[in-house]
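I have placed the structure first, in the form of structure tokens, so that the comments after it can refer back to it.
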Amino acid sequence: MSQPNTRHNSTPGSERLTAMLERMLLIRRTEEQLGADSRAGELPGNVHLCAGQEAIAVGVCNHLSDSDYVGSTHRGHGHFLAKGGSVRSLIAEVHAKSTGACGGLGGSMHVTDLSKGMIGANGIVGGGIGLAAGAALSAQVAGEGQVAVAFFGDGASSQGILPEVFNIAVLWKLPLILVCEYNGYSEFSASSTVNAGEIADRARAFGIPTDVIDGNDVEAVWTSAAIAIERARKGEGPSFIEAKTYRLRGHLEAEDGFLQAPYRSEEEIDQWRARDPIPQLVKRLTEMSAMSDADFEILEAKVAAEVKDALQFANDSEPPEMERVLSSVFVDQLP
Amino acid sequence: MSQPNTRHNSTPGSERLTAMLERMLLIRRTEEQLGADSRAGELPGNVHLCAGQEAIAVGVCNHLSDSDYVGSTHRGHGHFLAKGGSVRSLIAEVHAKSTGACGGLGGSMHVTDLSKGMIGANGIVGGGIGLAAGAALSAQVAGEGQVAVAFFGDGASSQGILPEVFNIAVLWKLPLILVCEYNGYSEFSASSTVNAGEIADRARAFGIPTDVIDGNDVEAVWTSAAIAIERARKGEGPSFIEAKTYRLRGHLEAEDGFLQAPYRSEEEIDQWRARDPIPQLVKRLTEMSAMSDADFEILEAKVAAEVKDALQFANDSEPPEMERVLSSVFVDQLP
Amino acid sequence: MAKMRLTQAINAAYFEEMERNERIVLFGEDVEVSMFGDTRGLHAKFGSNRIRNTPISESAMTGMAVGAAMAGTPAICHLMFSNFALTGFDGIANQAAKLRLMTGGQARLPVTFVAAIGAGTSTGAQHSDTPYPMFMNLGGINIAVPATPADAKGLMKSALRGFNPTIFLLPRVRGATSGEVSEDPDFLVPYGKASVMQEGSDITIVAIGSCVHHAIRAAKALAEDGISVELIDPRTLVPLDTDTIVASVRKTGRLVVVDEARDRCSAASHIAAVVGDEAFSSLKASIKRVTSPNIPMPYAPALERALLPDPDKIVAAARLTLAS
Amino acid sequence: MAKMRLTQAINAAYFEEMERNERIVLFGEDVEVSMFGDTRGLHAKFGSNRIRNTPISESAMTGMAVGAAMAGTPAICHLMFSNFALTGFDGIANQAAKLRLMTGGQARLPVTFVAAIGAGTSTGAQHSDTPYPMFMNLGGINIAVPATPADAKGLMKSALRGFNPTIFLLPRVRGATSGEVSEDPDFLVPYGKASVMQEGSDITIVAIGSCVHHAIRAAKALAEDGISVELIDPRTLVPLDTDTIVASVRKTGRLVVVDEARDRCSAASHIAAVVGDEAFSSLKASIKRVTSPNIPMPYAPALERALLPDPDKIVAAARLTLAS
């Protein structure tokens, strides 16, 4: 059908890997903070954490600059930070503060930083796919080699907008990279119960170059993304990456409040814990002699300080004023 | 990926072929009448004719009984008649008469006869796919071996609801036959400009048994449908048939009123005229010595009389009363 | 009678009606787990043929529910949050609301779409809408917005016994409201019959869904000042029992309509328009609407609270009306 | 000034603005052929990069238009018939209308959705809707419903120069209306400013879209009886210039609102509610709505005609109002 990605020769190298580790760790620790805040009842809304899936966001976004676009999901903290959004603005946003990325008007499901090309987390499953495809169209018309990435889940893959976008992206050769974060679940349903066949085959049917990879291996993600993004920048059209992964936390932090029974076995979770992308990457860097225990401790401390600072920043910030709401509906016009 | 249909051994046989010829002819002549009425300004709305595509509707519906379901398109006259709807009720409907299939409230794009399992033409491209899938669900729950057929165009294949239904139909093993009437055009756009890849591949990606056939050959349609319908009745799930065909008329009869230039070459139309399913079938029957010129003339005369009668019936009928409108919105309740 | 929460009442209605009519099916995303609790236990009882988790495919879900209904299988299509009804809107707006008319009355459409409405828990703009005004404008589709467990049960049971397409909306923040509910298996609440929750003579307050509870508190506050409130909950917005409302306003001469929907083309606007026309000569003051402003809902809780109707706003509107 | 039809005026607006701003793109099903004529000639002039036929994929189309706009590319998304906007509603209802607020004001959304509205040519229930009330209730999205070629051009040009999401609705049966249109490249019509088409003192008639033409004829008929009509076309429904309408009713004391949308939660209802509140003490009679009934549109032409607003119904409503 379509040609599979031929493995890219270039690999990220230890310096880049270390930088990616830092970003992944930043995502993890930030979300741990938010998870704790959520359980402590300190957050107004729900949070969907991406713990365990950080390698995908970071491995892909490492290739992007601020002028490239990322469309995200309800589980968007990782994409936000990977795309260069600041921890302060993320934590402040989820804490509903005026200094948050969206001034406290969006919340966890809507974290956005247009100055970084992060066009937003989205509360509608599948919503970000259409937006990212539109950003790819914009990039194509602008003609400056920008690309757009759509992150979406395996559950989202059953939304009709995805094949609609497959079709248009091929017809128009859009600079679009479609990244399916296959974490095996759509809310509380195992993917196999809501997805027939292989998702990658659906992309292949439209003639989209497709790669199915280990999403917990940041090098694999980085290399696959390198090929796809290069293709997009050269005007050769869309690519599809299916990254197998797992979310180590619940669908949302509040789920224990309404679940009658667990939907995942402890065994399964343990298996995936053993494949946590962060320790895996640390191990790899250690093997490469690019990181010592001491180095890692320094990194951890740096990240911890950053998160602590951001939390302090959020706590010190004011909630948004009504003024802000009214001026955030229309440009130069009252609602 | 998925197993292609293995060719069915059984063939329709000359008696059945003759019956199918009669139905095809009835569709053709009925639509010719409606086309003429449209051009003469005698119809209130637009008509989309299926001339050239009759073999698909007839070849598929020949296997169905009144308790099976058919969901159709904006181009639904053929499906309506093939499913056993009466010419009188069709012509009266399109002429907006109270005796029409829908009492003159639906019109050409909505011809429906639930007593025949024809759940309706549909003005929303893709709309009939969801409805037919729902009918298949109903059939499955009823457990009496009914099946549902969704007819839709190549243009409709780019609607997201189709892959959504592919997925659900496989997961639930619905008794659903998805029939793509690939006539090469979506309105005025050549299919290749609005469809990437092969449509059948999209169904295959979900694991749906798929058959790509000559839709102008009623025997081929009949045989392919036999296999698919048997599979559905046995509880083995959905099938996909892509029937290549061509519409010999415009997208809608009124199109010359707004087209600035032709979108199909005369040559192309001529080529397909030479493959008109009706003369092809006549030829086949003649070769089988199952039909003489005289037989055909008798058939033509019979069909002509039926159309004439139906037109007379429509002309003699009254337009609907407002009463009917108000009682046709809710059951036992005012709007 | 049994005391139960609104979601439990809906759950009881599902159980009773699915037992009564073996053809009814229910499907939706994760209805087995049941995030809201209304579908809890159904799968264990009725099995995988009648209770089905679906993929995230709202377009197919709404279309299929309608198709199943047309083919004689009453279908409950659970859409979780009402915003997702907009994601799969074709099956509701272009099919369910129109098919009976388009088929000249042939189609019976025993299909019930269920979804939660309302803001108040900082779920952000895409999970907080109250879109019944949009549904009301469709024509051809019934709309239930129960405020009490009893009405929830009775309205759901009526929907499941009828042959009309229905959108059944569950006021989210009131999902935990408790109340007495009949256990009579034939306890039904009719569509198009408003509930006069309290009779009164000075002013009529019409409130919808969760706003009914705000209005009850407002009525209490007003009563302390000797103001007698007639409180009406329409319960169904299609059909809308304007007769009861108009008759009440003919008596009181004053009306406040409370509706969590955005103001523009809201249910409140429509009720005000109808009453303003039909009870014009009885009106002693202008009709006031207590609604949400014409903007998407922000996340920050203080802002969200400030934008939504509440008892104080109702009291203020009532006083304004009574002052003129 | 040049005399042109409404669709030609929109066409001229596209040409002028796409020349002026090289970033604007336009896409939709068969926009090259242009069934309505409004996009005619654009492809020849602006080429395949900026003018694109799309597959039949309304969900992707609306979503992509919003995404393109967010990324800085003003997008015109042509949806043909407004019912198809409901097929691809998520991009409009859950994205376009909400993204600016959800992003805390970051997003500029120069996206214009174009679609035809209205019945009257027997296209049946799924091609005849006038769904602007649903769009009005969304909050966060502008709505233009021009009645004249000049307004069509000016409103389209304003939409294409602005940064707000807009739904631009083309009254179908009035696509062929002719009128004088400015050729000034900077001729713009503002959003939120109603057009007082005729001043008068006895009664105010507010009419929307194609109903403006019915109202003009009704006003003429009433003038023959010495009745002086003030005729107002809001032109945009979001923002809605209620000030102009309220001021007029304060003067005339009487109001008829004419709106082809279904009555329940219509624009007419909303305007009636606002005026009934804000101009209460000036009202000499109840506000009448001339709208379509709450049902899908039937095919048979005589029925369709009977259900739609027309000059006679407006005259009758006006007389009723004037009699009380």
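A, B, C and D label the chains in the order they appear, each numbered from 1.
As a working rule, a contact is a pair of C-beta atoms (placed from the backbone, for glycine too) under 8 Å apart; a residue touches a chain by one contact, two chains touch by 3 or more.
Everything quoted here is computed from the prediction, not taken from an experiment.
Here A-D and B-D were compared by C-beta pairs in contact; the pair with more is A-D. For chain A, the chain whose average C-alpha position is most distant is B. The geometric centre of chain A is 45 Å away from that of chain B, both derived from CA atoms. Separating the CA-averaged centres of chain A and chain D is a span of 40 Å. Chain C has its Cα centroid 36 Å from the Cα centroid of chain A.
Counting partner chains per residue, chain C has residues 54-55, 57, 59-60, 83, 87, 90, 94, 101-102, 124-126, 139-140, 293-296, 298 touching two or more of them. Each of residues 102, 104-106, 110, 122-124, 126-127, 158-161, 164, 167, 171, 193-195, 320, 325, 329, 335 in chain B touches at least two other chains.
If you check the complex, the residues on chain A that touch chain D are 69, 71, 100-106, 110, 112-115, 119-120, 122-124, 126-127, 129-142, 148, 160-161, 164-165, 167-168, 171-172, 320, 324-325, 327-335. The residues of chain C lying in touch with chain A in their complex are 29-30, 32-35, 37, 40, 53-60, 83-84, 87, 121-127, 293-296, 298-303, 306-307.
Remark: chain B residues 1, 158-164, 166-167, 170-171, 193-198, 201-202, 204-207 touch chain A in the complex. Interface residues of chain B, counted against chain D in their complex, comprise 44-46, 96-97, 102, 104-110, 122-127, 155-156, 158-160, 186-189, 193-195, 258-260, 263, 319-320, 322, 325-326, 329, 335.
On chain C, the positions that touch chain D within their shared complex are 59, 83, 86-87, 89-90, 93-94, 97-98, 101-102, 124-126, 131, 133-134, 136-140, 238, 240, 261-262, 264-270, 272-274, 276-278, 280-281, 283, 285-289, 293-296, 298.
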